[in-house]
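Same chain, two partners: chain A is paired with chain B first, then with chain C.
Right after this comes the complex of A and B.
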C-alpha cells in the first residue's frame, strides 16, 4: 500500500515530503489550522460548547457550496457563513448564560436547515458533485500560496481576538454568575467567542472538511484537559497534539494515499484513547491500593 | 494522585515539545533543499484521463513516459477524488494534459498548488474554446480529436526541439495507420446512416452523434442531467419515454459507466419495443486498449445496431 519512496531513513522521508510545493503548502496550512484549532478548541471544550462548534462546522458546508455556486472562492463562503451563523446563535440565545437546554434546540434547528441548504446548493451547481467529499471530509491537495496567506491572516485575527477576551472568557466559563456580578460583560464576551470559534471552524473545515472539524477542534483539547487541569499547560498540550496529529497525519497520507481526513482524525483519536486508558489504569491501581 | 499525574504530565509535555521542535527544525531545512528535479529525457507526461493519455503516448513514442491518472473503467470520472500520489505525479511532470470544461477540477487544483515555469499544460477545453457548462466529452468528437492531435505534436516539439522531426513522423504514422480505421468507420456510418434519429442516455453521445451526422432526439437537458449526476425533470423523462414508446428513435445508446436506474428503465423499455441498444463508455474499455481500438469497437457495435434498426 505504501507509495514509492517511504524508507526508514527519516531524513530522506522528510526530503521527499517537502519535495513538492503542494506538500509544503499543506504543512503551512495544517500548522496554522492546528494552532488556531488547538487554542480556540481548548476554550470550546472548557465551556462545554462542542455542539455549537459542530453546528458551525455544518454551516461551513452550505457556505462553501453556496460560494462555489455563485462563483466566488469557497474560503469566503466558509468564513461568511460561519461568522453569520455564530452571530445568529449568539443573538437567539436568551436568558441566563447557564441555561443550555434551549440553546441546544435552537442550535440543532439551525444545523438541520444549514445542511439542507448545502444539499440544495450542491444540487443547483452542476459539476460540483465531485467536490462534495472534499467539502465534507477534507483534502490537503491543491492548497495555493494565496490560500495559505488567507488562513494565516484570519487565524492571527482570531487568536488576537481570543487573547483580548481570554481572561474574562475563562472567568465567565468557570462561573458565569459570579463573573456577571463582578461586572464582566458575559453576553458580549460569549458572542465574541462564538465569532472566534466560527473563524476557527471555517479555517479547520478547509483542511479536515466540515464533518471532521472536531478531529482538531475538540479531540486534542479534550485529551489535553484529561491530562492536566493546569490551564496554560493543557492549552499548550492541546496545540501540540493538534500539530502532531496534523503533521504525522499528512505524512502518512502522503506516503500511503489514504485520505488525510482519516489519518489525522485517527491519530487524534488514538491519543485520546491512550490518555484515557492511562488514566483508567492509574485510578484502578490507586483504588486497588486503597482497598488493600 | 493529582501531584503524581501532574509530574507525569510535565514529562509528557517536555517530550511533546522536544518532538515538535525537532520537526519544526527538520521540516523547512529539507524544504529548502527540494525542487529543481534534473530534467532528463524521456519527457515525463501526465494525462488526467487515459483516453487523452493513450493518444499522447502514441504521438510521443519512445521520447516520453506517459502516465494516465483516471484509468478504471468501472468508476465514473465525474466523481473522481484525487489521491496524494496523483498530485505528486502532476507536480513532477513536464507536460500535463487535462480535459478542463469542469470535468477534472481536481487536476486544475493540483496544477495551481504546484506552480512551475518549466511545465507545459494542455487544457483541452481551452484549446477548443469551451468553458464550464459546455459538453466536456470532447474525445467523442472526431474534429476535437484532430485538433488535440496537432496541438500535442506542437507541444512535444516545443518541449524537445531536437526531436521535432521524430514527433512529426509519429504524427503522420498515427494519422495514416493508427486512426485510419477510426476515420474509415466514421465516414462509413455517416454516408449510410446520416439523419437517422437516435436516443441516448447522456451528453457523452452528443459529440459522437454530431460527428456521425445522426439526429439525437433526446432532450439536451436530460442528457446533461444524467451526465452530471443530477435528477432529470419529470417532463424530460416523459419525453424520453414517449420517444421510445412511439419508436421515434431507431437506436438507443447509453453510457455503461454511468447507468442510473432511470437509464436502466429506458434500456428495458427500448428492448421491449425492439429498439437496438448499444453502449459506450466514458474511459478506455478495457483499460489497456488504445484510444482507436476502443472507439472502433464502439463504432462497430453502433453500426451493427443501426444496420439492424434500418435494414440498410
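Right after this comes the complex of A and C.
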C-alpha cells in the first residue's frame, strides 16, 4: 500500500499508520463502530436475535447502493433502509425474542429481493460507485471528517437509547412473561431495540460492509458471553474485542494487501475459536476427571 | 403430564355446589388479598369460566386444580390484569387487577433457559427487584446487595448466586425464580405449576419452602398444580376449575368419591395410600398414574 512497510519498531509503525488523514479517520470511525457494535451486539446475542441483525444488514445493501444511484451519500441509504426495515419487522413480528421460525420464509424472501435490488442499483449506476465489493465487504478508504461526525452522533444517540431501555430490555429478553406482569411495555421495548440495532447495523456496515457486520456485532459479544456470565464484565469484554479486532485489523490491512473486512473478521473469529477451544478443553478435562 | 387433572381431583364444599361462594378463613381478620365476585373470563369470544366467587386472605395457601384448558393459568393472568374480565368484579389488594402488580410475585409456567445464557442466579433474583426500571445500574448499591443476599438465603440458594441459570437443575432454578417473585415483598404469590417437571424430592422441598414463606411472611399463595399431592399437607383450600365452573373448598371435604362422581357423572373412587397420598381412580381419561415416571431432573453439577 502507501506505507514504507511494517517494521518491528512499534513507534515507527504507529507513525506510518497515522501519517495520512484517511487512516486517522479510519481509526476514528472504526473505534466508534466497534464500541457501538460491541454494546448493542451484546444485547442482540443475549436475545438470540442475530438473525434479525443479518436481515437488517442485507436490507442495508440496496439502501446504500440506491442512495449512491440517486446521488446522495451511501450513509443515508444505510440508516434509512435499516431503520425502516426495523420498524417493519417490529410491526409484523409476533412471538418472543429468538422465535423467528414462522417468519423465516418471509424474511428469506425479503432478503433475496433486497439483495437483487441492491445488485440492480449497482448495475444501473455506471459512474464512480467505488464498487460493489465495498458495499458488501467494507472498506476503510476515503472516510471523511463529516462521516466520522455522523457516525459519532448516531452512535451516541443509539447508545443513549439503549442505556434508557437496558434494564427492562434485559428483563423482557430473559423472562418476557414476568416482565410483562411487572408492567414492562415488552413490545415497545422490543421495537425500540430493533431501531437501535438498525442504527448499529447501518454504522457497522460502513466499516465491514453489509455482509460482514457479524464480525463486530455478533462474534465479539458471543465470545464475551462465553467467557463470563457477569453482565457488565462481559459487555466490556465484547467492546474490548471489537476494538482490538478493528484496530489490529486496520493496521494489518494497511501494511499488507489484505482487505480490512477480511482482517477484522478473522481476528474476531480467532478470539471466538480460542475461547471456545479453551472451554471445550476445560470441559473435556473435567469429563475425563469425572470418568476416572 | 397432568394425569391427576384429567382424573379430576376435584374439591367441593356443600355450600359451593351452586356456584362456588366461599368464606375464606381469615385468621387475622385482615383485608382479603384477592376478591372475585361472580367473575367470568372469555378468550376469543368463548367463556373460559364464569360465576367465580372467591376470597383469599393473607397467608392463605390455595391450590388451583382442574383439567387442561380449564382456565387455571387464565385465572392467574386475570389477577395480573393481563386478561380482562368479561363479567363480575375482581379486586387484588383492594385494587383493579394490573394496577398494583408490585404487590404480586408471579411465577409463570416453567420456562427453559439456554445453558449458555449469560445470566447468573443473582441476576435472575435482581430482575425481580428492579428489572423493570429504566436506565442502567453499573454497580450494586449496599441495600440492593443486602436484599439480594437475604432473598438468596430465604430460598436456600446462596451458593447458586454466581452460576448460570441455564446450567442449574429444575429445582435450583425454581428456588431462584421464587426468590425473584419475592423480591419486592409481595402480598400475593401466583405460581403456575411450579412443581411441574421436578422430581418427587424437589416437589416436596419446593412445596414446603413456599408454604413456609407463605406462613411466616403472611403472603397469600395461589398455586396451580397438576398433582395435588405434593401441596396437600399445606393447602388451606383448593379451587377446582372444570367445564366453565369453579368450586372452592377444603381438600378433605371435597376430594371424595361421591363428589367427584357427581361432578363428572361417572363413578370415581378416591383412594388414600398409607403415606397419605390421594389417588383418584375411575375417571375416563385416567388410565394410570405413575408419579415416579415424571421426568427426573439432572443432578446439580
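In this text, the second predicted complex is superposed on the first by the 277 of 292 C-alpha atoms of A that agree within 3 Å, B and C clash if a C-alpha of one lies under 4 Å from a C-alpha of the other, contacts with A are read in each partner's own complex, and residues count from 1 in each chain.
As a convention for this text, a residue touches a chain if its C-beta (ideal position, glycine included) is under 8 Å from a C-beta of that chain, and two chains touch if they have at least 3 such contacts.
Keep in mind that this is a model prediction, so the values were computed, not measured.
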Contacts of A:232 with chain B and chain C, given as first, second, both or neither: second
Partner chain in contact with A:175 - chain B first, chain C second, else both or neither: second
Which partner reaches more residues of chain A (counting touched residues only), chain B or chain C: B
First (chain B), second (chain C), both or neither touched by A:46: second
Which superposed partner A:108 touches (first chain B, second chain C, both, neither): neither
Chain B versus chain C as contact partner of A:21, first or second or both or neither: first
Which of chain B and chain C A:184 touches, first, second, both or neither: second
Touched partner set for A:157, first chain B, second chain C, both or neither: neither
Touched partner set for A:167, first chain B, second chain C, both or neither: second
Shared chain A surface residues [contacts with chain B and with chain C]: 228-230
Residues of chain A defined as touching chain C within the complex: 46, 48, 163-168, 170-171, 174-175, 177-184, 225-226, 228-232, 234
Partner chain B, residues of chain A touching it in the complex: 3, 10-11, 14-15, 17-22, 24-25, 27, 123, 126-127, 129-131, 133-134, 139, 141-145, 227-230, 233, 236-237, 240-241, 243-244, 247, 253-254, 257, 259-260, 279, 282-283, 286
For the chain C and chain A complex, residues of the former touching the latter: 80, 82, 101-102, 104, 106-108, 111, 113-114, 116-120, 123-124, 127-128, 130-138, 162, 164, 180-181
Complex contacts: residues of chain B adjacent to chain A: 1-2, 5-6, 9-10, 12-13, 16-17, 19-20, 23, 26-27, 30-31, 33-35, 37, 78-88, 91-92, 102, 105-106, 109-110, 112-115, 132-133, 224, 228-230
